[in-house]
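Common to both upcoming complexes is subunit A, partnered first by subunit B, then by subunit C.
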Partner chain A sequence: MINTIKNQLASHSILGPFGALVFAILFFSTQSPIFLTPHNLSLILQQVMVLGVLAIGQTLIILTAGIDLSCGMIMVIGSIVMAKLVAVSGWPVWMAVSCGIVISSFIAMGNGLLVTKIKLPPFIVTLGMSNIAFAMNQLYSEAQTVTNLPSNLTFLGERINFFDGYINYGVFLFLFLFLLMGFALKYTAPGRHIYAIGNNIEAVRLAGINTTRLLVGVYTVAGFFYGVAGWLAISRSGVGDPQAGQTENLDSITAVVLGGVSLFGGRGSLFGTFIGILIIGCMRNGLILMGVPSVMQILITGVLVILAVTIDSSRRQS
Partner chain B sequence: MQAENSSAQRFVIQAKGLVKRYGGLVALDGADFELRPKEILAVIGDNGAGKSTLIKSLSGAIIPDEGSIEVDGQLVHLKSPADARDAGVETVYQDLAVASAMNIAENIFLGREILLPGLRGKFLRMIDSKKMYEQAEGFMERLKIGIKSIRQAVETLSGGQRQGVAVARGAAFAKHVVILDEPTAALGVKEGNMVLDLIRKVRSEGLAVVIISHNMPHVFEIADRIHIQRLGKRVALVNPKVISTSDAVAVMTGAKLASDLPKEALAY
Partner chain C sequence: MKKILKRICFIGSFAFIFPSHTFAEDVKVGLITKTETNPFFVKMKEGAQDAAKKMGVTLLSAAGKADGDNAGQVTAMENMIAAGAKTILITPSEAKAIVPSIEKARKAGVLVIALDSPTDPESAVDALFATNNYTAGLLIGEYAAKKMKGQKAVIATLDLFPGHPVGAQRHNGFMKGFGLTSLPQSSNHLASAAEVVCMADSYGDQAKGQTAMENCLQKNPNINLVYTINEPAAAGAFRALKNAGKEKNVMIVSVDGGCDGVKNVKAGVIAATSQQYPLKMAYMGVEAGVAYAKTGKKVSGYTDTGVTLITDSPVDGVKSSNTKTGMDLCWGKK
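Let's turn to the complex of A and B:
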């Protein structure tokens, strides 16, 4: 009986994050009359779309029992490449965007190769890559913000009417990518292998699956998402900012963990990460509406992360 | 096929003169191995006798430096576990190679998922869950492994049930042989017996079974023949119905030679 309940809880690790989200929404709607308006809710979606797309890549990597501390920096490389190629070199938008995404994917693939071929811990590899990518950003952009971006590069940030609020095209892209990847993780063989790797990589190897290829693939696909996130970032801000991405590095991990994905790998879902993203979005937005200083937001996020990891690790031990 | 009536001469696996060196260390020193159809062969040996190296050679996990391996009369060169599986030899490893948060069906089909027909399977690599769950259910039922649901995560199972899943996985896909590495280690009496029953069922499905075990009572209970490995060689192939446990152990440790044993105890 107790075992059944435990199984239910373990397989529904989404319940905790979902409860937290509902609680946050209820709490903030009592604190501010604006919070629950369509306008504000659509604003929250716009505020989290960049982080959301980054967190898709982060989720894939964490599911394999890895971690990526370089995602924000790789995202910025993608966005600077896109911005400079269009604004400075005058490339067509589609070519510049593709080029930015490909470069992000390649750098992330480098992480994957170091993790699999040289067998270095993902934590160290991506910490190093984060620094390398930051320096590359600064050198390539000469530490200057790239401005004067044409509107056909930043059209994802354009707002359209949506019910009573506004929404931008980027939000649709963000939601679409979540659905697509969530589907792939659940219903395709490579998706299941990603979970299996996080559970027991030796078992996956013995099952005849090429784990090196799969892991390098995961890092590369994550890089693709970082590139797309870079495009969303310049669309939203209207500039290519080489100083961006520093908070997103850790925020993406926070979102994944708040969504109930295990840092030990192999457990959790992309839907969980989506909930985690919404929790972060609601908290930031709600606390601002309440007039709470932003340093308090950081403090509360920190407490929540530690709480989420505690729950995860105690669940693992039981 | 022509040798159907002289089954003593026909082997599912026949290995000759296997040698494996690790630097100066000789793990296998010209080891022979023979497995008959539908038999349960136990491999015993002291630590360092080379039994895991022998078994890994047969399951494709390592490549021997010298010697030949035939599976069902065909000379094979096993370069990876996948090669061994293609040749019809499945191995269940001691450390239970299962993904614990994943369910039973997913574990049984790990790396061999049934894909949807048509483009969805071919290009999108989408899994045919319905078919997969049905077949997994069938395997578990046939082997009578008492589990509630095929969708249960493996980590919710007992050690014996978990071993059952691993054995079912091997039996489901093996064409010729299932190799079990210490299948009853770390199990209680009841669970150990459950796994022994399961091994007999696997044999009754027409497969040959190799078990590596340190548990002498289990070996003597279940094996048709016992392969005794010592110092990288097969020193004797004995009949557990005739030989005593203490004699088997004596040969294993070198206290006795195979030539000291009575003729009827040998089972070549």
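Let's turn to the complex of A and C:
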């Protein structure tokens, strides 16, 4: 029996996270009558959309056996650039948003170049980049929150009715990006190569694939998602906040790991990350509905992360 | 999670030290803030620089990388003492964790003054120049109670994060001011009462404050009074209330009195806020350092740098100033 479960878990990396999510949902719905209402569920989606889009980029990088500690700070740079260009310099929204996303992508590309060309460990490169990006956004914003953003910059935060709840455009973008990248990872050649790099980069190189170009591409695409996340962040909060994003790097890694993506690279799926994001969102919301002190959420998240890594590790050994 | 975060912060922390003025005078005063970037501490540094310039002494300044970065502050303190500072002004990120390092410094004859936040125990430093955070909470609590007279209060509190004394003092002061069961000033726990239907952590951050408020509204849509730890959290709460169409019927009270915060009081986003004076704290700190260098006399005990309730809709029995006065005295950009 136990062996069967183990084997099932081993062959379907998604089962564990999915079970945890279902359990969390069932548990919270017995604890609070509000939890399962469409209004509350739509709220949870809105609350995770920024972290969710960041986690797409993080997933891509972790699949290559890398890690990105700079994602939150790169996101904030993107958001401050967009907010300032529109609110201070009066740029048209589409230009400012594109500029913010391009800058985020460029900074993330810098990570990729350092990792591939100079062969530095991703952990240290992105840690350094996180510091640099943090300082850059404080200098650029003069540590001031950018306010008075026009509504056409933040329209992704606007809501439309959805059953008895409401949902905002940003959530649709977030879901669309997940579907798009999920598809690309599974059914396109570069997508499969990302998995292959995580499993054995040398073999991929010997198979005649330009791994440097692919890896730099992965980091750059991740930066694109960080930029989009920055746009979602200002849409949601209505301001460009240079103090934001300080815990998002580790939160996104937590989501990816909770979703059963292996930190050793090469295993896992974007759907798993999506589940991981929902687990985080449900816990944050459900525990407040229950009136549980927030420190419990930190405790439970810690236990779940270790559990997820344990399962992944035993799967690798079997 | 927090622990990992701290580790990472530790590895990544580079608490830079640089002398702001290289005057011929030999007196060096060190200022260590929680972060380099929070406008509150930027203003504090300005105050210290002004004072140092006027009195012809050298100011060394440094900061932790993020709020909660104790290791960065310890390193900065060691480096400053090595550089010859005889007085250290510090806003402790971690009330307890910083104590052993402070003790070591004091044993070596350094005057250590805590600014803004107390250490735990408070007697670990020579002196404390701070706003009484309990009083700050008390004022907005009393204000809210008078304002809500006759109406049944359904309260949400958006606090800082677990275990921070400033968070507990403001929260418990608010509870006491409102006339609810509360805990004493020395407590590090958050008091609770039946009227408080939701307590959530905002980390003093606008986005997290918004999420916390949204979740609180899910728990109880009848919330009509919101206490927030600071003004960014208040702005996040307002955004959540506005999205839910409830901003008109809910009162938000807060603490800090930053310029953005006072602007929000003027705009009606925040009903009232307790204003603090970081510039004054730093100025007094440098003065004390110079006096110590010249006379060898150390200041001691707690000095309240004052707190003023800022609102445009005053109530009888609670002293307050209007937003015009608040803007004149606020910290951060106007």
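Here is the rule we use: the second predicted complex is superposed on the first by the 308 of 318 C-alpha atoms of A that agree within 3 Å, B and C clash if a C-alpha of one lies under 4 Å from a C-alpha of the other, contacts with A are read in each partner's own complex, and residues count from 1 in each chain.
Throughout what follows, a residue touches a chain if its C-beta (ideal position, glycine included) is under 8 Å from a C-beta of that chain, and two chains touch if they have at least 3 such contacts.
Note that the structure is a prediction, hence the values are computed from the model and not measured.
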(request) State whether subunit B and subunit C clash or fit side by side on subunit A once the two structures are superposed. (result) fit
(message) Counting residues of subunit A touched by each partner, does subunit B or subunit C come out ahead?
(response) C
(message) Just checking: does A:Ser29 make contact with subunit B only, subunit C only, both, or neither of them? Give me first, second, both or neither.
(response) neither
(request) Using centres of C-alpha atoms, tell me the angle at subunit A that subunit B and subunit C span after the overlay, to the nearest 10°. (result) 140
(message) By the touch definition at the top of the document, which applies to A:Ser98: first (subunit B), second (subunit C), both, or neither?
(response) neither
(request) Determine, under the contact definition given at the top, whether A:Gln47 touches first (subunit B), second (subunit C), both, or neither. (result) second
(message) For A:Val204 in the superposed arrangement: first (subunit B), second (subunit C), both or neither?
(response) first
(request) Scan A:Thr212 for contacts with subunit B and subunit C and give back first, second, both or neither. (result) neither
(message) Contacts for A:Gln243 in the overlay, against subunit B (first) and subunit C (second): which applies, first, second, both or neither?
(response) second
(message) Contacts for A:Ile298 in the overlay, against subunit B (first) and subunit C (second): which applies, first, second, both or neither?
(response) second
(message) Quick check on the superposed model: minimum Cα to Cα separation from subunit B to subunit C, whole Å please.
(response) 30
(request) List the residues of subunit A that touch subunit B in one complex and subunit C in the other. (result) none
(message) Which residues of subunit B touch subunit A once you look at their complex with the stated criterion?
(response) 61, 80-82, 85, 91, 93, 95, 97-102, 106, 110-113, 115, 124-127, 129, 152-153, 156
(request) Would you mind writing out the residues of subunit A in touch with subunit C in their complex? (result) 32, 34, 39-40, 43, 46-47, 50, 69, 127, 130-131, 138, 142-145, 147, 159, 233, 236-239, 241-244, 246-247, 250, 254, 284-285, 288-289, 291, 293-295, 298, 301-302
(request) Could you please specify the touching residues of subunit C with respect to subunit A in the complex? (result) 1-2, 4-5, 8, 11-12, 14, 36-39, 42, 65-66, 161-163, 198-201, 203, 205-207, 210-212, 214-216, 218-219, 232, 235-236, 239, 243, 260, 332-333
(message) Touching residues of subunit A toward subunit B in the complex: what are they?
(response) 3, 6-7, 10-11, 187-190, 192-193, 195-196, 199-200, 202-204, 206-209, 266-267
